[in-house]
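Read through the structures below before going on.
Okay, so subunit A shows up in both of these, paired with subunit B first and subunit C after.
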Partner chain A sequence: MDWLTSFAISGAGMKVEQTRFNVAALNLANANAVIGRDGAGFRPLSVITGTTNYSAPFKSYMQNEQMLASYAPRIQGIVEQNVSPRQISMPGHPEADDKGFVQVPGVNSTLEMLNIITALRAYEGNVVAMNAAKSMAQKALDIGS
Partner chain B sequence: MIDPIAAYGNMESIGNVATNATRSTTFIDWMGAELTKANGAINDADVNLKKLAANEPVALHEVMLSIEEARLQFQLVTQVRNRILDTYQDLLKMQI
Partner chain C sequence: MPTEGMAIARLALDAAMLRHQAIASNIANVNNPGYVPLRVNFEEQLASVAENQRSGDKLQGITPFIEQESKSNGLTPQVALDMEIVKLNMNTLHYQALLRAISRYTSIEGIAITEGRR
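Our next item is the complex of A and B:
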């Protein structure tokens, strides 16, 4: 049915926002996880989102409603942020280098908190849109009664 | 040169179109299809709920979306059934 398109679009949005939230939470959780001297360890991640359908021109979906769902967002990939690790002076640490520094991921806590809040608000927006679609469908079922 | 008289087009295909038009989907076909859809949606929601209860990794919003889909699909079938039943009772009460 037609409202399934609305559900699919909102569901795709919720999935994307949940992934963005998870990645931001993962970055925060790993903010103080020490990177070993061999460089093995966590690097801050960020989410790349895109549309499912790049090929069709934008105006074509104005003529074909079925194509709307194919423009729903999706996760294109999760990539490492291009930031250098932070140096912390911890002379007694087993992974410390000659000068007594250990490396921790260069997580920008402020940015990650911002990402969490925007993901939360966008998720709420998707829920509101989905509820509105459901209300519209239910109102349509009320026609004539 | 003048062509000999021949049948215009393919009469058989025209006949097929006519019969197809008369036996195009009846209401009962539509109702059956919608009921099957509603049943499938309820089954999907049930499967998702069981997954959630079994602590399998399934997105919460997908479970809720499938439940709402099932509910709407079932409401559509119920509303159509109500309308049809009303009409049927109107017909029954008709004085002849």
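Our next item is the complex of A and C:
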């Protein structure tokens, strides 16, 4: 057993939260990007996370390591949300249809702000865990001094 | 035998480190739906040490291992970020206390080696 596992777990957590944050920011940034009449344009995205599958309880050091490794969070994919675009009345806009409506992505800004806050807090939690691992490892170096 | 204290302290250090990794894993998966929190099974096994007091190898078969948190009242356990941070801080202090105890123990041995002289 070594300390690298602790840092790897916290690092994987930070990576996942960073991605969640990036995707929420991307959705907000594109909230008013007009979708063309041909349907080409931005669709809101979501992050799908998971862990690798877990079979049975383990009982030794080596197996503890394997179990922890199989529980590290992973990004399984970034998929388009199943939401229809919003219609905004903008007569005269080059991409407006014959009734004067343009389409923009159906971004739910409240939800995205919530995602940003939860991702931020979880990221901070991972940083705290990593710093705790660091201080424990440093103290362990002082044995016998 | 005095070395038994060291052996048990070593096991406890391993358990504390494993517990740190379990807590780190719980925090890393806090937003992960369907994740079941992990815990370390160690203190439960120490009860048998007292039972085996008279027999030879008291610490035989004692190994800290990781398991999934079990259901309570039929509810699937969930990760609470604040409680995990509390557990993390408790575990860090516990680890440092164990290290302090080991250092004291080795310094006592040092006194024995130098026959009480400095």
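Everything that follows uses one rule, which is that the second predicted complex is superposed on the first by the 130 of 145 C-alpha atoms of A that agree within 3 Å, B and C clash if a C-alpha of one lies under 4 Å from a C-alpha of the other, contacts with A are read in each partner's own complex, and residues count from 1 in each chain.
The rule we apply is simple: a contact is a pair of C-beta atoms (placed from the backbone, for glycine too) under 8 Å apart; a residue touches a chain by one contact, two chains touch by 3 or more.
Because the structure is a prediction, the values reported are computed rather than measured.
S.K.: Between subunit B and subunit C, whom does A:I35 touch in the aligned arrangement: first, second, both, or neither?
M.R.: Touch status of A:I35: no partner.
S.K.: Where does A:L68 make contact in the superposed view: on subunit B (first), on subunit C (second), on both, or on neither?
M.R.: The answer is second: A:L68 touches subunit C but not subunit B.
S.K.: May I ask you to decide whether A:G144 touches subunit B, subunit C, both, or neither, giving the answer as first, second, both or neither?
M.R.: A:G144 contacts both subunit B and subunit C.
S.K.: May I ask you to decide whether A:T49 touches subunit B, subunit C, both, or neither, giving the answer as first, second, both or neither?
M.R.: So A:T49 only meets subunit C here.
S.K.: For A:Q18, using the defined touch cut-off, is the partner it touches subunit B, subunit C, both, or neither? Pick first, second, both or neither.
M.R.: first
S.K.: Is A:K134 in contact with subunit B, with subunit C, with both, or with neither (first, second, both, neither)?
M.R.: first
S.K.: With both structures fitted on chain A, tell me whether subunit B or subunit C touches more of subunit A's residues.
M.R.: C
S.K.: Once the two structures are superposed, pull the subunit A residues common to the subunit B and subunit C interfaces.
M.R.: Subunit A residues touching both partners: 1, 3, 10, 14, 130, 144-145.
S.K.: With touch defined as at the start, can you tell me which subunit A residues reach subunit B in the complex?
M.R.: Where subunit A meets subunit B, its residues are 1, 3-4, 7, 10-11, 14-15, 18, 127, 130, 134, 137-138, 141, 144-145.
S.K.: Okay, in this complex, where on subunit A does subunit C touch?
M.R.: 1, 3, 5-6, 9-10, 12-14, 16-17, 20, 49-51, 54, 57-61, 63-64, 67-68, 71-73, 118-119, 121-122, 125-126, 128-130, 132-133, 135-136, 139-140, 142-145
S.K.: Write out the stretch or stretches of subunit B touching subunit A in their complex.
M.R.: Per the touch definition, subunit B meets subunit A at residues 59, 61-62, 65, 68-69, 72-73, 75-76, 79, 82-83.
S.K.: Spell out the residues on subunit C that touch subunit A in their complex, using ranges where they run on.
M.R.: Residues of subunit C touching subunit A: 13-14, 16-18, 20-25, 27-35, 38, 63-68, 81, 84-85, 88-89, 91-92, 95-96, 99, 102-103, 106-107.
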